[in-house]
Structures are given as C-alpha cells and as structure tokens.
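The next part holds the structures, each set out as structure tokens.
Paired with chain B in one complex and with chain C in the other, chain A is shared by the two complexes that follow.
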Partner chain A sequence: MNRFVLRHGTQSLFALLCLLVLVFFLARLTGDPTDLYLPMDASLEQRAAFAESHGFNDPLVVQFGRYLAGLARFDFGDSLFQGRPAIDAVLAAFPVTLKLAGITLALALSLAILIGSLAAWRPRSVFDRIASMLTIASASAPDFWVAIVAILVFAVSLGWLPTSGMGTAAHWIMPVGVLMVRPLGLLTQIVRAAMIGALASPYVKTARAKGAGKSRIIFVHGLRNAMLTVVTVAGDQAATLINGAVVVETVFGWPGIGNLMIQAIQQRDFAVLQACILVTALAIFVMNLLIDIAYSRLDPRIRNA
Partner chain B sequence: MQKSTLLALLRSDRVALVAAVWLVLIAGVALVGPEIVGKAATSIDLRARNAPPFDFSRDWVHWLGSDSLGRGILARIFLAARTTLGIALASVLVSMIVGGVLGIVAGLSRGRLGKVIMRSMDVVMSFPSLLMALIVLYVLGGAPANIVVVLAITRLPVYVRTARAEVLEIRERAFISAALVMGARPFHLALHHITPLVLPTLLIIGSLDFAYVMLAESALSFLGMGVQPPSITWGLMVAEGRGYLASAWWLAFWPGLFIMLTALAANLLAGWFRIANDPTLRAAQGDASHA
Partner chain C sequence: MSLGWRLLLAAAAALPAVSPAWAQGASTDVVIVLETQPDQLDPCQASKSQVGKVIKQNVVETVTEIDPTTGQVNPRLATEWSQVDDHTWRFKLREGVSFHDGTPFNAEALKHSIERTMDESIDCEIRVKYFGGLTLEVTPVGDYEVEIKTSTPTPILPTLMGTVVAMSTATPKGEITRDPIGTGPYRLEEWTPGQQIVLTRTDDYWGDQPAVTKATYIWRSESTVRAAMVASGEADIAPNIAVQDATDPEMDFSFLNSETSRLRIDAEIPPLDDRRVRLALNYATDREGMRGTIFSDKVIPSTQHVVPGINGHNPDLVPYPYDPEKAMELLAEAKADGVPVDREIILIGRHNLYPNSQESLQALEAMYEAVGFNITLKMTEAAEWYDLLFKPYAEDRAPNLFQEQHDNNNGDAVFTIFVKYHSDGGQSTFSDAEVDDLIDRGGQATGEERTKLYQQAFKRIHEEIVPDVSLFHMVGFTRVNPRLDFTPSIATNSELQLAEIGFNNS
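So, the complex of A and B:
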C-alpha cells in the first residue's frame, strides 16, 4: 500500500510545484498593478515608490526567489487590495467553498448510489430508462443557466428562496442543488455501470441462490465491489466541483474561494491569487492522497502489491 | 461500418434521430444563420424594446422576445451560433490532433520523452481546468483563437492518455514486430500501422467531448473571461441577460436553453455513436435501443 500511495504522492507534489511556477509568471504577465492601484494623476515619484515598496522593480527571478523564501516561512505575502496578509483572505474564504463542495459531493454520492443501484437492478426497466435520460440531461446542463433559471423560478416568481448571500439554511438550497446537477448525473452513470458488472458476477449468483434479499445483494454483495470505480470517479469529480463552485459562488454572491480568485485576477492582486491557487491545489492534493489510501483499503490486490 | 447501415441504425432509434435532426438544424444555423438575419441581429429598433416573447404579430426574429435595444433574441441566437459551435468544434479538433500525436509518441518512446509528456499531462490535470483557463485568458485576452487554444490544452490529457494506452497494447502485436523486422521507420510505423487503429477511439472521445467543451466555453464567457463583445456566444448572451432577470427573463433564458439542447443532442448522439460502433455493446444494449 505504502509504495503505491508514495509514488502517486510524489508525482502530484511535482505537479503542484510546476503549477506554482506557472501561475507566478503568468500572473505577472497580466499587467502592472501600479496602473490599477494609484490614481491616474499620480506622479512618477509616487509610482516609483509604490513599485519599490512592493518589490515590483526587481527582476522576475528575484521576485520569485523572494516568494519561495517567504513560502518556506509560511509567509504568503500581503494582499494589495485588502491590505492584510493574503493567507488571511484565503483562509476566510476557503471554509465556505469547502462546506459547499463537501455537502454537495456527499449528497450527490449518496443519491447516485441509490439511483444507480436501483437502475442497475433491472437494466432497461422503466426506472432505468428514466434515470438514464435524466443523467444524460444533467451532464448537458450549463450550471450557470440552471442557477439563473432556479433564481427565476424559486426567487423571482415564487419568492420561496433568497437570491443571494448566505446565512440561513434556505440560502444553501439553491447553490447546493445547482452544484449537484452535474456530478449527480455522472456519478449515477458510473454507479449503474459498475453495479451491472458486479451484479452479473458469480458471487452475486451464489448469493441469490442462497436466498439473500434484494437490498442485501445490492448493498452488501454488489456495492462493495462496485465502490472501487465509484471512489476514483468521485475523486476526479471533487476537483471538477471547484470549477462549478466558481460559477455558483459568482451567481449567488458567496464569499468563497472561487469568487476571491476571480476578484484577485481582476485586481492583479498577485499574492492573493497565488495563495488561492496554492491552497486549492494543496486541498486537491490531500484529497487525492486520501482517495489513494481509501482505494488501497478497498482493494486488497493494491494493498498487498 | 457501412454508411447505409449506420443510417438505418439511426432511423431505428427515435431519440438519436431527434438529436441528429436538431444538430443538423443548429449546424445549418451556424453556417448560414448570420447571413439570414443580417442586420436584424445588430441594428437598434426602439419600437421593439424589451418586447416579450411569443408576440407573433412582429417579425420572426422577435418571436423569442427582444433586448433593451430592440434586437430580436432569435436573431442574436442565430448570430451567436457560429461563434459558439465554431469555438467548440475547433477546440475538439485541436485537442484531438495534438493529444493523439503526443499520446502516440508517448506510447512509442521508451525513453525520457514519453515520461516528460505524461508528467506534463499530470500538471494539466492537477488543477481545476476552469480556473486555469480564467488565469490564462486574463493574460491573453478573450479572442476566439485564444479560447480555442486554452480549452484544447485543458482537454489534452484525455486524448494523450487514451492514445498512449492503446499504443502500449497495439505495439505488442505481431504485425508491429513484422513491420519492424521489415525495416519500418518509427514515423512510418506510427502513421500507417498505429494511427488507423487509434483513430476510432479518439473520434468517439472527441464526439463525447464536444458538449463538454461547449459548456466550458459558455461558462468562461458567462464569467466575463471568454469571448468579448461585440463578438457574441450563447454563454455571453446569458451573462448579458442576467441583469434583467426580474424584468425580462427571456434575455437569459433562451440562449441557455439553446446551449442545453445542443449539448444534450451532442451527448445523446455521441452515446449512440459509441454503441453503434461497438457490436458487443450493441448486443448488450438490445440492438437499436439507446443508452
């Protein structure tokens, strides 16, 4: 187990490093923050002093070295726009996104397991056909448009739910619902396919012959073996979920990491952008590690390899 | 597979047939739509300002309503179809060709080159694609060509990994050894012996990817980092209509519906195409029925 996890871990750590370098230099290509932060009539001396105090005059390589040295001391630099350490801004926004993504994935996974298993029980039954159509439709739905239609129906027309902000439980219904649409469809398809495979296997036939009940066959004999594929795909989905979170946070005005990152790009707030990306990438890295471990727990063939 | 059997198969599957008809219609709109609507999509008509949909007394371009400048939504949708579909199609083609070549190279090379290719794909995959695209597009600007390149890069790993996996399996077969013994050079081997076997798989992935890429472009344009006005795509139309939700819902609703229906049709047809091309799957699914 350890060799498998270790090899994957070092590979993703290397990818993370490449990403840091890429973002650092790409962000500097977006333009000079001085133009954005000082008034139009700022004198040349003021501009020079601003650039000097933030270190924008040094060669890029020197700036990068300073950034790395800061990272080693857990210093992520200061936000130009918010005037506080970048990491504070990121850590304030991160839990919002984490909660949103976590709740969504947990709900999507449980629903997908339920619907997918039932659909796999009798392939090509009416339930299976309806479920299949719905999953294809959900994979084709543009999430920003679903969000807008949901606002139109539930907030503007019916007035049942608030349009934006967060606070009460009612604020969570639409964002979680919208974010869930795509992973739910995909995960249901995966669960269904994996379960059809598992239910056709000899040990399930044995279980049926012994007279085991429907739910026991599905959830004990079938599901445990189908879970391997499902866990892998759910892991991939977690990273994709961040994509959706950016859109959902923008539409519903949530102070999460996606919103913060878009602001940071537009405000050329390099320190915040870098901290956002580092924290997101780290979170994905940790999650992949957890999935690898879960994977090796679930499959003895990998555990003992 | 013969063309005639493919058509016969299509006719026997009602859902796939409807999807195909819709895609042909939309492709037609993308080809000639902008010329048909002409100036109606861009010229201001103050008498039709914010006209609600389904008012059939007006010109047909206003049937789905009009925006605050009196431009018919249907005309705008026709105009945007070309950019939307063009960007998606170009992205799929670029990533399929580049990814296929890289994957075949990675599969054939036993040395460092293959490793470098695969590791760089890991880097692309290690981060949410939409965020990467946002940053890169902010640097480069939202010209359609830039969007094509960025979207193609985010989809590369799928093609590279698939092509490489196929090559690893193919290169152990007898006819490859035979070609090698007869003195085939690597380039000849890749082009004449391996590409024809890898291509069908890549085409199937490409057909499944079309809807995904179109949705990605729409999301980018919606967030304001994609196509910039006066160019227009369906995603950008939704973004522009977002501010008028309470007063003129049709501005954001219709373009989004077109995105959804087109993506749905593309996904349905891609799923059908996959099954139609695979006799074992076809048998498993009960000959002509869809997935």
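So, the complex of A and C:
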C-alpha cells in the first residue's frame, strides 16, 4: 500500500509545482491590473506610476522570484483590491466551499448508490427505466438554469425557501440541491453500470444459489466489487464540484472559493488568484491521496502493484 | 428565452404565493442587495460606485454636495466658501460636528482628510479621478475655516470638494484602512467580507435624524436573484437590475443613470480619418429602431457624452437622423476621392457593458453593412477592453469603432470632455486645435462663460469633428420594496443616501 500511495503522492506534488509556475506566468500574460484598478479617467502618468509602484513593470522572472521568496516565508502576498493578505481572503472562503461540496458529494453518493443498485437489480424494469431517464436528464441539466428556475419557483412564487445567502439550514437546501443535480445523475449511471457487471459475475450467482437475500447480495457481494469504479468517478466529481461551486456560489451569493476565484480572475488580482489555486490544488492533492488509500483498502491487488 | 423556460416561468407565476418566512419583520431596518461587494471601505475610495453606495453621505460626508440633477454645489460639511485669488479658496466649516470616534470635525481634521486623500503612497480613487496633476496646500485659519491653495488655478474647486470626504484624524496615513470613521448619520457596525456590511444609525448626528435605523448590505451578482429578493421581501432595495427583470411597475423605477453610450470612432486611421465616412456611420445608425427593443424605451438619443443637467451640456444639438440614402451618398463621394471605404473596420464591443450589449452591436453591424461598410464584430472581456480604451493605441491597429459607456454625475463637463476629446486626453482619437483651445479655456473659466465654452466645444465635436456615434443617455432600473418611501434618481448609481429613505405606513 505504502509504495503505491507514495509514488502517486510524489507525482501529484510535482504536478502541483508545475501548476504554480503555469498559473503565475499565464495569469500575467494577459496584462496587469492597472487599468482595472484605476478609474477610467486616470492619466497616463498615473497609470505608469501605479504599475511601477506595484512592481508590474519588473521582468516576470524578477516578479516570480519575489513570489517564491514570499512563499518560502508563507507569505502569499496582499490582495491588490481588498488591501489585506490574500491568504486571509482564501482561508475565509475555503471552508464554505468545502462544506458545500462535502455535503453535496456525500448526499449524491449515497443516493446514487441506492438508486443505481436498485436499478441494476432488474435491468430494464420499470424502476430502472424511470431512474435512467431521470438521471440522464439531471446529468445534462445546466446548473445555472436550474438555480435560477429553483429560485423563481421555490423562493419567489411558493415562498418556501429563501432566495439566496447563508444562515439557516433552509438556506442550504437549494444550493446543495442544485449542485447535486449533475453528479447525482452521473454517479447513478456509473453505479448502475458497475453493479450490473458485478451482479452478473459468478460469485453473485453462487450467492444467489445459496439463497442469500436481495439486500445482502446487492450491498455486501455486489457493491464492494463495484465500488472501485464508483470511487474513481466520485473522486473526479469532487474536483468538478469545485467548478460547479463557481456557478452555485455566484448565483446564491455564497462567499466561497469559486466566487473568490472568479472575482480574482476578472480583476487580475494575482495574489488572490494564486492563493486560491494553491489551496484548491492542495485540497485535491490530499483528496487524491485519500482515494489512493481507499483503493488499496478496497482492492488488495493494488497494494503491492 | 426558450419555450420550456417560458412554460416553467408561467407555471411558477401561477403557483399560489405564500407569505415568505424569510422576509424581515416590519421595522425601520432595511436590506440593500448590491451587484458586487465593495473590496474596500476606505473613505478615500468613496468615489467608486460600489464603495460610495455604502459609505458616501451615510458614514462619511463630503465637504460640499453636488446636486446631480442641476450640477449646483450645495453646503454639506462646509457651510460657505469664497475665492481669495486665482489659486486660493477659503471654506468655512460647520460647527458642532463630531466623528463617530468622538473627535471633533474641524479645520485640522479636514486638513488631515485632504492630505490623506492626496497622499500618493495610497491609490485613493478620489485623488486619481478628480485631482490628477493638481496639488493642494491646506492651511487652517482658526478652528472652523481652511484656506486651500491649488497648484494651478481651479475655478471648480467647490465642485471638486463635493468628492472629498472628511475622516477622523485617527485614520492612518499611507495605508488603506478597513475602518472608515466619518461624520455621517450612520456608523460602520459590522463588515464580514464576502457576506455582509451593517450600518447603524448614530444618536448624535448634526443634521436631522433619518428614519432608517439599520441598513444591511448584501450582494448577488445575478440581476434575476436581486429582483427576486425584493419581490420575496428578503431585501428592500436592489439597485441596477436588468431591463428584463424590471417587470413590475409597482416596484421598479427607471431613471436616467448619468451614463451615456457611444461608439468611439478611430479618426486617425483610414477610412475613418475622412469626415464623410464618420458622418455616414451616424446617418446609418437607426437609433429609434433600437429604442424600446434592444435598449429600454426610456433611453434618450444623445448628441454628446454628458447628460442634460451637467454644466456644459449643449441642449441645442440634434441627433443625426436615420438616413441610409445619405450615408450611401457620402460613402460614394468619399470612395470617388480615393478613400478606402471597403476596408475592414473592427467593431469592438464589451460583454455586459450594459444589458443587451452584444445584441446592440449586432444590430449596428447590420445597419452599417447595409449601407456598404465592411464591419467585423469583436467582443472583449473587461480587461482587454480597458487595454484598448486607453492610449497608447497600437501603431498597427485596424480602423475600429469602440463601444463605450461613460458616467458623469459630478455636475461639470470637465470630468468628461478633457479625457475623451482633448488631444492630450487619455482616450481621444483625434486632435483639433480649436477643440483643445475651447476645452483649455473652459477649464479655466467660471460661471456662464465656462458653460458657453464647453457648449461650443460640444457643438464643434458633434457637428464638425464627428469623432463618435453618440447613442443614448441610458436608464437604470432599481427595484424598491413598496414598504419604503424612496425614489431612486440619477445619483443612485454612485451613492444611496439612507437619510432619503422613508417608510410607507401599512
């Protein structure tokens, strides 16, 4: 187990470093934030002075050196627009997204396992057909549209839920619901397919012949073997959830990392953008590590590969 | 909008409305939902609209106050002022005013405020936007009077003082503060970045006690969501909602928002360096065709880049009529003289500059191609758009028409005319000695003469130079909860005075 995890860990760490370099230089290729920061009527001299005083005129390599030197001291730089350390802004936003994505994924995974397994029990049954149709529809629904329609229906017309914002448990229902729509559809399809494969395998036939109950066959014999694929896809989905969170956080006004990152990109607030990406990448790095560990738990063959 | 979307909306509208549980109780607290959160709340950034909407005249107050409908300068923290000589002004200050930290507002405090605003080590927008190239020397004359010396004669200093806010001497110099301490009727109670800002009413304001006791500011970037929040009672005011969300005449107010839209013509590059070609563009523009369709029916066809009411606006100018025949004649004439009228012209637009921004350019593209222009539409994001807005322009650029929108609600044309039309202006695309002279002399003049010089400049620009296709004076929509007695105005774009809000008895 250790060798497998270690090898994957080193690879991810290297990828993380490459990402840092890439983001630093790519972000700056588009220009500096002077024009976005200063008012439209600022003079050319004022623009030049601003760029000079913030170091945007230095060669990129010099700027990169400054960035690395800062990183070594755990100094991520200050947000140009917010006038506070970039890492403060990121660390305030990150838990919001983590909670949102975590709850969504846990719910989506549980529901997908339940619906997918039941659908796989008798493929082409009425339940399977209805479930497949709904999950394909949900896997292809654009979350932006779903979010706006949900607000108009549940908040404005029915008044059951608040339109947006955080606060009470009721505030969580729509964002989680909307964010869950796509992963739920996809994961259900994956669970169903993997379970159909698993349930057709010889050991399940043996279990059926022995007279094992339906739930025991599905959740003990079938599921454990189907889980390998499901865990892989769920891991992928967790990373994609961060993307989905951008839309959901924007529409519902959640102060999460997706919202912050979009804002940083639009403003060319480099320090915040870099800190966002670093923290997000680290989180995905840790998650991949956990998935690797889960793998080797689920399938003994991987441990020694 | 697709059919499915329409059906769903219709179904949603037909559902029974239930009194929402999230609406705040009837009280004198208000919730204001903005488009975007302010990044900073430093008093010296109060001219930024997102900062100004929260703190300007609520937490921090200006020295003088400009009436945005007439451009007139009124007293606020200064009660009267007079000019001593070309370079020197005296301002008498209101007595008995104190900051929220208990320190008195006096000549020393104003000196601190002005010096901090003019400090080049922080990027105060008030300095950059209104005081470029100007230095001020402030000397207290007694406790409640200051003398201000300007580096160049500045006849509109009282107008400029309408942008400068007073802040407590506890506000540190040389660094951005996150704690604005002003003299206004409200103090900053809470600021949770990303979530909300809360202002509460103070008990010892020098002026009348406003009706609103507490204001909570939140932000949602989607116009639909902002409008929905007021409709469901979760919020009271949603400034700047899109025209398609302003569907309820009971709640939605439209007003001229001091923005003017235009296409800037790059008059230095052939074929656009030929006046006939620029005129042809104007005659080929069907403004009436776009009004009430792509643009709101409330917009006003414009002739110049400042709105009526701004000092220097020339009311005698008339928009170019839609006359495609004439446009074609002018083009043919230019072509006969060897002007390369077939050359590809890039129409540069910006996504979401205003509602239906891209649609408006597609319409213009079609109108220009119909009379024989060769137009290619190119949409940009904000960052790229800004790069193209300012000089220096690329040497090898293609001839271009540049979509732009400009906002001036500071009472005087100076904030527009130099930048856009003077040959030294950062965004001008032509050089004309006579226009330069009128702008220069207007800048030094006062009173009626100033107005006249600027009006002459706008006349020459509109009729002789033709450096743009002036489109519309734009309107904004603000949704207001009917429980409030509040009418948004041209000023709502950059400030939202809580003191102007009352409550309807219900």
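The definition used in the following text is that the second predicted complex is superposed on the first by the 289 of 305 C-alpha atoms of A that agree within 3 Å, B and C clash if a C-alpha of one lies under 4 Å from a C-alpha of the other, contacts with A are read in each partner's own complex, and residues count from 1 in each chain.
Heads up, the rule we're going with is that contacts are C-beta pairs under 8 Å (C-beta built on N, C-alpha and C of every residue); 3 or more make two chains touch, one makes a residue touch a chain.
None of the values given here were measured: they were computed from a predicted structure.
In the superposed pair of complexes, A:89 makes contact with chain C only, with no contact to chain B. With both structures placed on the common chain, the touch criterion links A:160 to chain C but leaves chain B unconnected. Contact with neither chain B nor chain C is seen for A:108 once the two complexes are overlaid on the shared chain. In the superposition on chain A, A:148 contacts both chain B and chain C.
Once the two complexes are laid over each other on the shared chain, residue contacts for A:248 go to neither chain B nor chain C.
By the document's definition of touching, of the two partners only chain B reaches A:23; chain C does not. Applying the stated contact rule after C-alpha superposition, one finds that A:180 touches neither chain B nor chain C.
For the contact definition in use here, the residues of chain A common to its chain B contact set and its chain C contact set are 30, 145, 148-149, 151-152, 156, 250-251, 266. Taken together, the chain C residues at the contact with chain A in this complex read 5, 8-9, 11-13, 15-22, 39-40, 42, 47-48, 120, 123, 125, 128-129, 132-133, 176, 178, 193-195, 218-222, 224-225, 228-229, 231-232, 234, 381-384, 386-387, 389-392, 406, 415, 419, 426-427.
Within the complex formed with chain C, the residues of chain A that make contact are 30-31, 33, 35-47, 49-50, 79, 81-84, 89, 92-93, 145, 148-149, 151-153, 155-166, 170, 250-253, 255, 259-260, 266, 268.
Taken together, the chain B residues at the contact with chain A in this complex read 119-120, 122-123, 125-131, 134-136, 138-139, 211, 215, 218-219, 222-223, 225, 235, 238-239, 242, 245-246, 249, 252-253, 256-257, 259-260, 263-264, 266-268, 271, 286, 289, 291.
On the side of chain A, the complex with chain B involves touching residues 11-12, 14-16, 18-19, 22-23, 26-27, 29-30, 124, 132, 136-137, 139-145, 148-149, 151-152, 156, 239-240, 242-243, 246-247, 250-251, 258, 261-262, 265-266, 273, 277, 280-281, 284-285.
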